[in-house]
Every structure is written in C-alpha cells, then in structure tokens.
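The chains carry the letters A, B, C, D, E and F, assigned in the order they are written, with residues numbered from 1 in each.
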Amino acid sequence: MNIITPTIKHLLDTWLDEDLGRGDLTQAGINSNEVVNAHWECKQEGIFCGGGLVKCLFSQLDPSVTILLHKADGESFMHGERVIELNGPVSSLLAGERTALNLAMHLSGIATTTNKLVSELKGTGVLLADTRKTTPGLRQLEKYAVRCGGGINHRLGLDDAAMLKENHIAWSNGIEKSIKSLRKNIPWTSKIIVEAETEQQAKEAVLAGADGVLLDEMSVTNIQKLVPQLRALAKQASRQVVIEASGINPKEIKNYASTGIDIISSSAPITKSTWIDFSMRFSEKGESK
Amino acid sequence: MNIITPTIKHLLDTWLDEDLGRGDLTQAGINSNEVVNAHWECKQEGIFCGGGLVKCLFSQLDPSVTILLHKADGESFMHGERVIELNGPVSSLLAGERTALNLAMHLSGIATTTNKLVSELKGTGVLLADTRKTTPGLRQLEKYAVRCGGGINHRLGLDDAAMLKENHIAWSNGIEKSIKSLRKNIPWTSKIIVEAETEQQAKEAVLAGADGVLLDEMSVTNIQKLVPQLRALAKQASRQVVIEASGINPKEIKNYASTGIDIISSSAPITKSTWIDFSMRFSEKGESK
Amino acid sequence: MNIITPTIKHLLDTWLDEDLGRGDLTQAGINSNEVVNAHWECKQEGIFCGGGLVKCLFSQLDPSVTILLHKADGESFMHGERVIELNGPVSSLLAGERTALNLAMHLSGIATTTNKLVSELKGTGVLLADTRKTTPGLRQLEKYAVRCGGGINHRLGLDDAAMLKENHIAWSNGIEKSIKSLRKNIPWTSKIIVEAETEQQAKEAVLAGADGVLLDEMSVTNIQKLVPQLRALAKQASRQVVIEASGINPKEIKNYASTGIDIISSSAPITKSTWIDFSMRFSEKGESK
Amino acid sequence: MNIITPTIKHLLDTWLDEDLGRGDLTQAGINSNEVVNAHWECKQEGIFCGGGLVKCLFSQLDPSVTILLHKADGESFMHGERVIELNGPVSSLLAGERTALNLAMHLSGIATTTNKLVSELKGTGVLLADTRKTTPGLRQLEKYAVRCGGGINHRLGLDDAAMLKENHIAWSNGIEKSIKSLRKNIPWTSKIIVEAETEQQAKEAVLAGADGVLLDEMSVTNIQKLVPQLRALAKQASRQVVIEASGINPKEIKNYASTGIDIISSSAPITKSTWIDFSMRFSEKGESK
Amino acid sequence: MNIITPTIKHLLDTWLDEDLGRGDLTQAGINSNEVVNAHWECKQEGIFCGGGLVKCLFSQLDPSVTILLHKADGESFMHGERVIELNGPVSSLLAGERTALNLAMHLSGIATTTNKLVSELKGTGVLLADTRKTTPGLRQLEKYAVRCGGGINHRLGLDDAAMLKENHIAWSNGIEKSIKSLRKNIPWTSKIIVEAETEQQAKEAVLAGADGVLLDEMSVTNIQKLVPQLRALAKQASRQVVIEASGINPKEIKNYASTGIDIISSSAPITKSTWIDFSMRFSEKGESK
Amino acid sequence: MNIITPTIKHLLDTWLDEDLGRGDLTQAGINSNEVVNAHWECKQEGIFCGGGLVKCLFSQLDPSVTILLHKADGESFMHGERVIELNGPVSSLLAGERTALNLAMHLSGIATTTNKLVSELKGTGVLLADTRKTTPGLRQLEKYAVRCGGGINHRLGLDDAAMLKENHIAWSNGIEKSIKSLRKNIPWTSKIIVEAETEQQAKEAVLAGADGVLLDEMSVTNIQKLVPQLRALAKQASRQVVIEASGINPKEIKNYASTGIDIISSSAPITKSTWIDFSMRFSEKGESK
C-alpha cells in the first residue's frame, strides 16, 4: 500500500529540518562532495518498516542519492543483515542519516513488537488491533507499522468512527439514545462502537444496534460467558456485532483469544515498543556520477 | 524553563488536528455542553513531564478550559496520585483528552527512564547525556523530558556543535586538518567534538584542540587507562577537554562512572523508554461558568 | 456540534489573507477607527449556515469586534430578516465583510438546497446523503452545511470507509476477493460499501458481506424488485445491509424513496446549489468601547 | 497565461490531502500497481477550464502519471467529447480522480456560465466583469475561470485597487476628500473606483478624478441619461472614466449594454454557476512503462 | 493604517522562532520570572517605524507583556529619546528583544532614508515612490516603512499593475499591441505603465493609452523637453498620464523635480538604507502583576 | 558548503509568491513562450553571494530554466562582469527576475561589506564575527553571506550558545552562579560567553570558567592591559578563553586588532551594508529545447 501523500512528504521535510537546523556544521570538516556507498546493518532481528519513507526522504533531501531496498516493509530481517544500500554524496548521506535511521528504527520497533503479539494469536482467528495511543505527529505511520507487523488498525482518529467510552456514557442520556442520535448525525458510512465495562452495558449496546462492542478489563471467564449471549442477541436482530477485548494482560492473551471474541486491541505495540537498532556503515568509495 | 515557542504552539495545533481530523463524531451522542471536572490519575509511579504543554494545548483548543497542575515537570508522582485537574465543557475535554495524554505519557516515560539511569550515577559526579536518536518531530520535547529526568542534553541538532564521527573521519583528511577547517568555518561559539574508536584517535583529537572527546564502545579498563593520559595532554596545552563515554552496557554504568570521565551518553532514555500510564477520569459535574 | 478545529481556524486566516492581500487600500479613504453597528440582511429565504464560522473569523481578524447571532446554523430565515448583528471598528468590519459573507452565502446556499430535497423525503424514512463531490478546500464545511440542511454525510474522504466503485471492481479480482482483502487490511471500524451497476453485483456484494450497497443509475422498477432480494440475502446471513440509490433524477426522488431503500445520495446539494444573498448594512454609529 | 505559482502548487497538495486523509483505504481491494489508460468524458457541453491544474495535480501526486489535454482552457467541448487522457498506475489515478474532477467541474461550470453572459454582450463592445464574491480559498482560480469564459476581472482583492462603496462613503468625509486622501496614500499605480447609488454621487466621483464609476442598481433609463453627462464631465477635465453598471437583472443585460457604459459586472458567473459533469472512465489496460 | 493581517502575525511568529530555535539557553542563568520595566533608547535621530509590529510580536510571544508606544509610526525622534516602554517577565523581554529590535531598526532605517529624499522634494509637488527592489520576505513592511517616511508606493507586486519594461518590449509585438492585449486580459481596475528608454517609446506609450510612463535614465534636459509633449499628446486624447522618472542620480533630484514630472521613483530608500540604532535598557524592577 | 535545506526551499517559494501574488499581469502583453538567453551584469565590483540560491529558486519556479554560474559564492567580480547566464521561457525568466536579483544583490552587499572589514584585519590573525542583528527571516542566509565575505559567525540563535549580557547579569545572582547554573542546564556541547562591560566582570567570567569573554565598548588601551591578565587567569586554571571585542569604531579596527584579542564582532556587515547592483539583460533569442 502506497502511504506517501503530500502530508507525509511535508512531514519528511519537517523532520529533516529538525535535525539540520541552520545547516550541518560538521560538513566543513570533511570532503563532502565524494560520492560513496553505504548500507544499513541490523544489530538485532525483527520486522522491517520504513523503507519507502527513507527512499522518499533522501530523494527530497538530494535527488542524486539512490537507494536500494533489500527488504520490503513487513519483511523480517536477521541480525547482521543489510536492509538498505545507499549511494550518493557523503554530505547528503550524513545530513539525512540520523533522521532516516530514527524513523526506521522507531517504526521497525513497532512492527516487531506487534509481530510478537500477533504470533501468539496465530491459528486462533483473533486479530490484534492498535488504539489511538500513538506518538503525537506519527499516528498515520505508527498505525502503518502495526499493519506491517501483522496487526489491524482500530479507529484512525475521532472522525472515522464513533465510540462511546466510559466518559461518554456518563454524560449521555443512555447508550440507546446515544446510538440513535449518532446514527442521525454521523456519516452513515461510519461504524458505532461501544466500550462496555459491564455485561449490562454490552447487552444494551448490542440491542441498540452498535456495530462493535469493546469489552474493557473483563476477566476471561466473564467474556467467555458473555460472548455467546451477545452473538445471540445480535442474531435475533439479524445483525452482526464485532466483539473486541481490551485492557488485558499480555500474558493472558491466548486465553482471551479462546473466548470467541473477534479482536484484541492493545496499545502495547506502540506504547511498550522500543527501537530496533540499525547502523549506517560506509562500504567503500562509490563511483562519481 | 519556558519551552513554549511559536513552533511548539503550532505543533500542538497539528497534533490536535491529527486526532480530530474532520471533527469528533462521538460528540453527537453526548450532552456536549455540560461543564465538568476531571483529573488525571497515575497508574504507576514515575517522573512527570508535559504539564505546561497540556495546559497550552487545552487553551488553544478551548480557552474556557482551566487546568490545575499538581506536579511541576520533573517532580515525581506515586501510583494513584492525581497530577492534573481539568474543568471545562465535556466536549472539549474529550476532544483534547487523547492527544494530551499521549504527549504527557510519552514524555513522562522518557523522564522516568532517564531518572533511573541518573540515579545510578548519583554521587559519582558523572552526568548522563542524551543523543540525537529522538522520535522524528519530537526532538525538542524529548530532550526537554531528558532534562526533567535529571539528564543533560548533547547536541540539539547538526547545527549547534560539530562532531566528527567514524564516518566523518573516514572521509576527511585526518582529525587534525578537520578540526582546523572546522574552527575556520563554524561559529566560534560552537564546540567541536570527536568520536574516537581508538586510543590513537582520542589523543589526536585532544592534541588538535577538540573541546570534547567521545570514547565509543571502549572497555572500562581501556577508558580508565586512557582518561589520565588525555587529561595530561590537555593540561600541557592549557586546555580543558570534556570526556564522554558512549555505547556502554547499562549494567556496567557504575563501573564506567568510576573511570574519571565527565559524561556518559546514551540513547536509552528515549529509544528504550515505554509510556507511563495516566488515565483521565471525570470526577463530578463542574459548575457552569 | 462544534466544528471549529485548529485546521478550520487556520483556513479562516488563509481566507482573510486571500482578500486582504498586502492590505485594504480603501481604508485610507475613510474614518477607519469609528466604532459602528452593522447587520446582515437576508435578500431571500433559506436555511442559515456559517454563523459560528463568521464569529470565529472576526475574532481572529480583530478581537474587539462583537457578533450576535440571531439564527443558529440550521435554522430557517425569511426574506428581510437580520441574521447577524456586528459591532466594531468600521475598518475591521469592512476588512472581514466580503470573506465572511462569501463563506456564509455559499454554505447557506448548500443548506437551503439540501433542505429542499430533504423536504421531499419527509415521512418516507429515507435519508438524503451527500457525496465526495465537494469544492476543493471546503469538504468539511460543505458537508457540515449538508447536515445543517437536514441531510446526512456519506464518506468524508478516502480514508474513513472503503468503497468499491465501477473502476475498482474492473481492476480487482472480483467483489468477493476484494472485500476479503479489505477486511484484512483496513481498520475494522471502517465500513465497506459496494457501488453496484447490476443486480448481479449487488447480490454478490451482500453475499460477500458488504456493509452497504449503492445502486447506481437503476430504474425505480428494478430497485423495487431488488431491495427485498437483498434484504433476504442479508437476513439469511444474519446481517444488516444499508441500501442506497444514487444517480437518480431529482424529479423522481419520491418514487425512489418508496422502493424500500434506506438512503438516496446526491451531489446536487453541493454541485447544483447557488449562493443565498445576504447584504451587510451599517445601522448607525456604535458606541466607542 | 501560466497560472501555476508556488501558492497554487501548495493548494493542489492541500486538496489532495483533503480527500486522501490518512490514505485511500480502497486501494487494499484492488490490483493497485496495474498501469492503465483512462479519459474524462463530458456529460454536457460547455467551456473547459482546469486542464493545466489537473496536469500539475497528478504530477505532484505521482510523477509517473502522464496526461494529454485535448482541450486548452477556454475551449468549448461537446456532450460526449473526451477532454483528457490519463495513463498511470490505477491506484494513483483513483487517488487523484475525485479531487481533479471536482476542481475542473467547478471551474468549467464558472467558465461556461460566464460564457453564456458574454455571448449576450457580443457585438456591443461592453465587457463582462466578475466581483469579489468568490468561494473562500478559490479567488485566483475562479477569476481565472471567468477569463477562460471570456469575461474580464474586477479587483483581485482589497489591495490592488481602492473602491469606495456605500459603506465607505457613509464613514468618510465625502467622496472628494476620500479620493484626495487615497491618492496620497495608496500606490500611484492603483486605480480608484467609486460605487455610486445616485446621479449626484456619480458626478461627484468623476469631478473628484475617480478612475472608474460603478453605477449600482440604477435603471436603464437613468443610466442612458447619466452616461453622456459623466463622459462630458471627464472630457472637460481631460480625463477618461470607466463606467460600469452592476446589480442588474440578467434578463435586461442587452438593454444595459446599449446605454454607453463600458462594463457590466456581475457575481452570477460564480455565485449562480453549477458544476459541469465530467466522468472518468478506464479505457483499457495501459502498457507498463 | 492597520497593517496587521493574519499573514503578518504568522511572519512575526516565524521571526521569533528564527532567533529562539529550540529555546533560549541563557534563560537558565537568570531569575527569569522577575517582572521588570525596560525601554528602547534611540542612539541617533530619525523617523520611527515598527511600533505596532513590536506590540503585536510581544503579545504573541507572551500576552502578559505590556507595551507603551511613545512614538507613532512615521513620527520623528531625537537622539536619546525613549520610543517604547515595556513591562513583563524578564525572560520574555529578553526572548523577544533581538527580533523586535531588528525589525524596528531595519524599518526605521528605511523610513529615515526615505524621509531625507522626500525632504528634498518638499514644495515641488513631486512625489517619491519606491520600487520592487525589496528584501525577500519583507515587501509589505518595507513598503509600509516608505509610506511612514513620506514616500508613496509603486506596484506592490507583479499582480497589481502591468508594467512593460525594456525586457518586455523586446519580446512583444510592439508597445501598442501589448497595451491592447493587456487591456483585454488584466483586471480593468489595474493600470498599465510603460518604462521608456527613448522619447519615441514614451510617445508611443501615451498614444497607445498607457496610464503612466516611466522615463528611465534620461537627462534633465531631455525630460524637460519631453514632458510637455507627452502632456499635449495625452490631452489630445482627453487622457491623463502620470509621468515618472527613474534611474536618476540622487544629487540631481531637485533638478529632476523641476521638469514637470509627477513622480520620482528610487530603490535607494530600501537598497541604500542602513539600520537606525535602538538599544533596550532595563530601567528598574517592575511591579509584579 | 551546501546551504539548501527544506526550510530554505520553502522560503524561496514564499519569496516568489511575494512578488507573483495572484500572477504576473504583464505576461499577457508579451510572447511569453519564447525561449531566450539572459545574463546578469555587475554594475560595480564586489564579492558574489547567492548563486546556488538563484539556481534553486528558478528550478522551483520552472524546471526548464537552466542556469550557469560564472562565479562561486565568495568569489570577487569586477564592474561589467557577467556572473550568471540564464536560459528559459521569457515568462519564467521575468517572473523570477526581481526576486532572484533582490536576494543576490542583498547578500552580495553583505559579503562585500564583510570583505572590506576582513581585509583590514589581514595578517593580524584576528577574525571578524557577525552578531544576531540580522534582517528578520534572513538570519541563516545573511550569516552565510558573512562567511562568503571571509567573516566567521557568532551565535546562530538563542539556542546554540549561552551568552550573559548586561541585561542578563542584572537579573542574575552574579556571573559565577549564572555560569554554574548554565553548565547544569544547557547542552554540554554549548559554549558559555560573557559580555563584560568592566575589567572586573571580565575577570570574574574567566575565573568562573566562561568559554569566551566579549569586551564591550572598551578602549584600545584598556583591552591591551586586560587581555594578558585574562590569558593568565585562564592558564592558571588550565583553560582556554576566547577574547572578543565589540562595540568598536570601525576606523580603529586595526588598533583593536593589535591588542591580543582573538575576534572582533560587528553588526556592520549586515546593518550597514547596502545592495550590490546587478542587472538582468536579455542577450539574444535562445534556442527552443
């Protein structure tokens, strides 16, 4: 999937500027016009993410830089593998190095963390979804990294689905009335999800026609009991309801996956991930072009 | 220190928009004009960071929202403590909730991780510094979080100090000539740092007048031997040199701190930190204003 | 619903600048500091839209301007009625006049056109939806105007629902495979809609689990026959499907509304609307404040 | 005339982003890398406008897309004609389709409406001018569309000519003093226009040296009587004055054109125009490049 | 005249950021929350310009700063006078000091230089105009400074008047055809100026109906002879023509002013001006508010 | 040194738009598609600056324009020399002409003024530095022009070095405590400079470990006496201190240079420079490409 939009291109420029500031001072100490070869070496194994972005970033910094991607986004790499080859003026490679690495190391960290959780769900048919807990300014790319890691996205923002959470229900006139009001006011193409803290709320949500119900911080036992009831209520109304669990202990993820739910959502792929370590190395002098 | 500049204000707007998109759909399901009280509860202990930013963010979203900070940035909090009280229209509190929490949870994670490493250095006189490995778009704020955690900043970008690293030295005409060229071309107010992989490079750097030398991935024993030699070389030239170690195993941090170096730099406060968990809770109905 | 986000505030500034350019030359010919009263008079009847935007626009141009709205967005007005009262320095009222009027006249035109179509559907239970045919740069506000006129929104953009149209189906591996692929790759909170040109496609879409089917340019007779079949197919699968008709002749709108469909979508509220005429008149000298 | 400035390029990016949001979800359901041919078919006749903009828009979205324009801006097209041929990856054509069509359909609507009014003035020597009633954000392009339709532009904004209107005169010290003050304060390269509601004001304006007089909402008879008087006053002062009529009923446009005036200005080409209908069709599979 | 538009507000933010970068480091060495009084002292005499901009700049940086202007823009000041009083937190005054001073010192330099040239024209009835030779990014404000110094503006940009210069005439089909083409294509509210290098061109321009003629690098004698001929040609056609001289030696300005021309244009007020020296001094501790 | 960053590219676009506004009206009067040759001719001698920027500016305006630079930035040119050759559509050359010339004429003026001062210091070993007195919006480029003229840069902004000036010391707890506080709070890679108005302050600064001392408005005699004392104090502490003089009369620059100081800083290269005069001339018709 092509994720490069004008907004993303603009962000890449902004990030280059963040590091470059008023210009790379160290350039003045090197033979900056030499054209050289370099590569990125992996210091650990994981799932790659950010290749297309790095390519785009360097082309915006200096169109004479060429980049060869050995891994597509979403592919796994081993410790010691080379994921990217670069060729261009040494000053351009050094000017973009840190920003490019920061982006790919951060995103690959998320893809890798996601992938570990997804592996635990293998064979269960249950999908792993992210949340809106994303680093400010990186929502779109972090959610892309989750997809590269094998996860699926929850809402992208406040505007692509309605979701009644604890705080909303507290200030509403009840789940049923809220859903009615939402159906009349939001795009008909947007789903309505209810976050339920209790069985009662979950059932009310299904009866009121919610497209999805999120069971928050419930025990495996309770969910196991509740899921067939919710399915039955939906079926009576000739409806489908997506059932999601959240707020679960990652250690119990397999147990939750066996309760009949469709999706487990977790902020961990983003909030608990750490960076994958890549290092840029100059190979040998490149040929001048 | 006041960190709110026009650039930061602009970023806060951008981050609000990232979540709001074309508008918060769920608003249509609640009594959105109710004025209410809310607070942020800590789900774990740590060091707080982001209070002033959150205040600024809400004032830009809706000037009628008022915020009381119970913790200054850099203060510690306990599990269960309330760090922030908020009052305002429920729709505004919900519209800004996620973005504000994401920012403070991320930054407090960094401040807390930094603080743990700083604690290990307590009493040694050695300072902990960050690196340029920062999340794209968040350089200034993540470095601020490091300071809140008790760390000190390394370069802010490529433009506020020159730094000869392995890759630069490879494409230069030697450390001495590089430093000479830099002194003539960069602002005289900017320091020159050399990253040394070998003893030889470190000595060459000091002799050539580097303001700082970074000993990268050297053993405790080697550094212990090297530091007094570097100090002596500097003294002979009536100069000071700042000696920094990097690329060290966090478990050995105390050993490194006893080698006579001035600073240990590490990307871990940023690349290895995870988010602190805060939760926004509505207390009771606020008074209309 | 509060539609003022940082993005909208930024747009209002941009639009003021579009008219102001390097400054309002005519200011130099008037007593520009006089504080005066003015109002907007309606030259025809219709549905009002844009009041909050106008208030925000003037507060950004000059915070000393005060505005009183006689009509909320979505309310009807008669020929000759005053919808807005303004007070402030004459130079500020004149500097913002044209931009504010252009915005409200354009949006009120859309709300009014929408409302006429909605009136024809009164009592049928069928809703009127817009499309993505919106004036570049005004998507969010034009869709808001449609809501003010009593309509409902279709997709806000390419990212809040998936929609397989004629051109997509042509380059896919069939509707069923497409929907499967989409379910695995798009946020689970996003609906999937299929635009069907034939009965066959419509049935295929329902069987494959589409959340909505859009029957494009079909006759009333064909739709009448098709709707119960689609409902039955959905029921067999314990599913709901939203059925929408588009590409219809506005004159036949009532006939279409009686076919059992849920929604009629039309670009006419935006592409066929013309502006409502408001005129700003100065009442009398205001009191200096 | 080349209308593509950096500002316009930036706007095109903004408009693409408006539709793309966080990315085109439907891409995931198609074979998005296929290179294909497409064309735009006209569903009605009219005057084309926006070809160069569409070309620029696609080149910014994806430089591999090529576009062939069959019609230059300002040329007429028949129902059924193909105005544009496109070739490129199906995902890029679909990602830019709606934004490009919206722009060209809107602008061609204005060019076509303008052209109809201009046709009525054919042979009279009287020109049709637009006004500042333009859709927020589209001033420059809508005025360009008016030119494509055969019209001429009035002021581009508040900064390229001074214009004393009813509201200005009310808060000035009289037309004569206003014009004196303007001549001293605005660029000498800018004209001064007076909007006159009465004969008296029109004469006063000419005597005071206005470059143009706009007769607002006057009858054909009154204008017929007034024009020679104004010409005579101007001649006595060895001056030229441009005489414009506005606020006229479009049905009487020919009668007004026979009164000796130079220009008729009308907001109708923009505020009363509706969109021209174009449709993008995929022809056959294109050749991969 | 109020020159603060959203664009100018945005520029002020940009300029603050240019100096602040990632934040004012020196803040950490002072008692930055003290509220203090300061003033700007003039180190030489001149014409003041930039007061309103400085007020706006500080209000955007920190709304708690208050500013009292002792001089309106365009007023003269003596060596040693105080032009501005400031009160606010010391950290805010220091953060904005340099940017505010740079702006006012630069603009006051232009106003002062303009004023000296204008003084030489006193009593001649000839006006001094600027050109498009302005510092990139400062066009609008530098032209404002020229007005503050008693000058008048020439074109603001390429879009508010047409001007045929040597290079245009070379690539046209002659002055007459060019003017005809311009009249049909540019807004009727925009003037057409011709820059003439020869008598022949000047006469051709007047005959073709140019609104203004600019006599470039002609001698006093030649202009003296040419002006009455041009006036006569214009009168024959019952037209007015503005006659401007440019490219003149400033020392001969009075001689040129006696040739019967209307305007002398010169880039010197901007390209030859140097900064006026102001210095910010802290008076005494202010009272906390 | 490559100074083109995304920020600079964005500024170039902004500056083009500043002149182009809603488009170049005069285009309509010429044969704008002719491809022609042009060059820039120097009307006086000096040091060139801005070539790479001009190249970049035209490539952003119209990629078909080609530019040949006869002078590198920092090279001297004679009266009458051609510094740049251009080839491209006449309309593009004219659209970018003024903006490109304004930029290069302004920057070359700074490089030339700097170079004159630097010449006076030749052989003394003393360097000439600039200050933060730079035209708003042009900091980075004006400091680049200073380097092209042979000068060296002082701080780039408030964030790349700390500097205690008169106003800071007044609101601090003394120089020693300030420096201690700064060392703990600013990046260790940033230098600390003290501006001393008295001998006492200068010595205090050296004792407290300042990296540089700026002696402001002191006499030659006083500095001559003070410098060896400061060097001795530094040596005692095995430190280096950079000694700078500022606020000096340019006529005495050679005397100051003989006092043993390292650097003389002056705002004159920027605040007292005037523009170098270049003129664009069309050579002959170019060949169409």
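As a convention for this text, a residue touches a chain if its C-beta (ideal position, glycine included) is under 8 Å from a C-beta of that chain, and two chains touch if they have at least 3 such contacts.
Keep in mind that what you see is a predicted model, and the values were worked out from it rather than measured.
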Identify the chains in contact with chain B as well as chain D, in label order. A, C, E, F
What's the farthest chain from chain C if centres are computed as the mean of the Cα atoms? F
Repeat of interface E-F, chosen from C-E, A-C or C-D - more than half of residue-number contact pairs shared: C-D
Chain whose mean Cα position lies farthest from chain D: B
At what distance in angstrom does the C-alpha mean of chain F lie from that of chain B? 31
From the C-alpha centre of chain B to that of chain E, how far is it in Å? 44
Multi-chain contacts in chain A: which residues touch at least two other chains? 1, 14, 20-23, 28, 32, 95, 139-140, 156-157, 159-161, 163, 184-187, 190
Per the touch rule above, chain A residues touching chain F in the complex are 13-14, 16-17, 20-23, 27-28, 32, 60-61, 91-92, 95
How about chain F: which of its residues touch chain A in the complex? 1-3, 5-7, 9-10, 139-140, 143, 156-157
Residues on chain B engaged by chain A in the complex (per definition of touch): 11, 14-15, 18-26, 28-32, 34, 36, 38, 90, 94-95, 97-99, 101-103, 105-106, 109, 132-140, 156-164, 167-168, 170-173, 178-179, 181-182, 184-187, 190, 267, 271-275, 280-282
Enumerate the contact residues on chain F facing chain B in the complex. 1, 127, 129, 147, 152-156, 159-161, 163, 184-191, 193, 211-212, 234-235, 238-240, 242, 244, 262-263
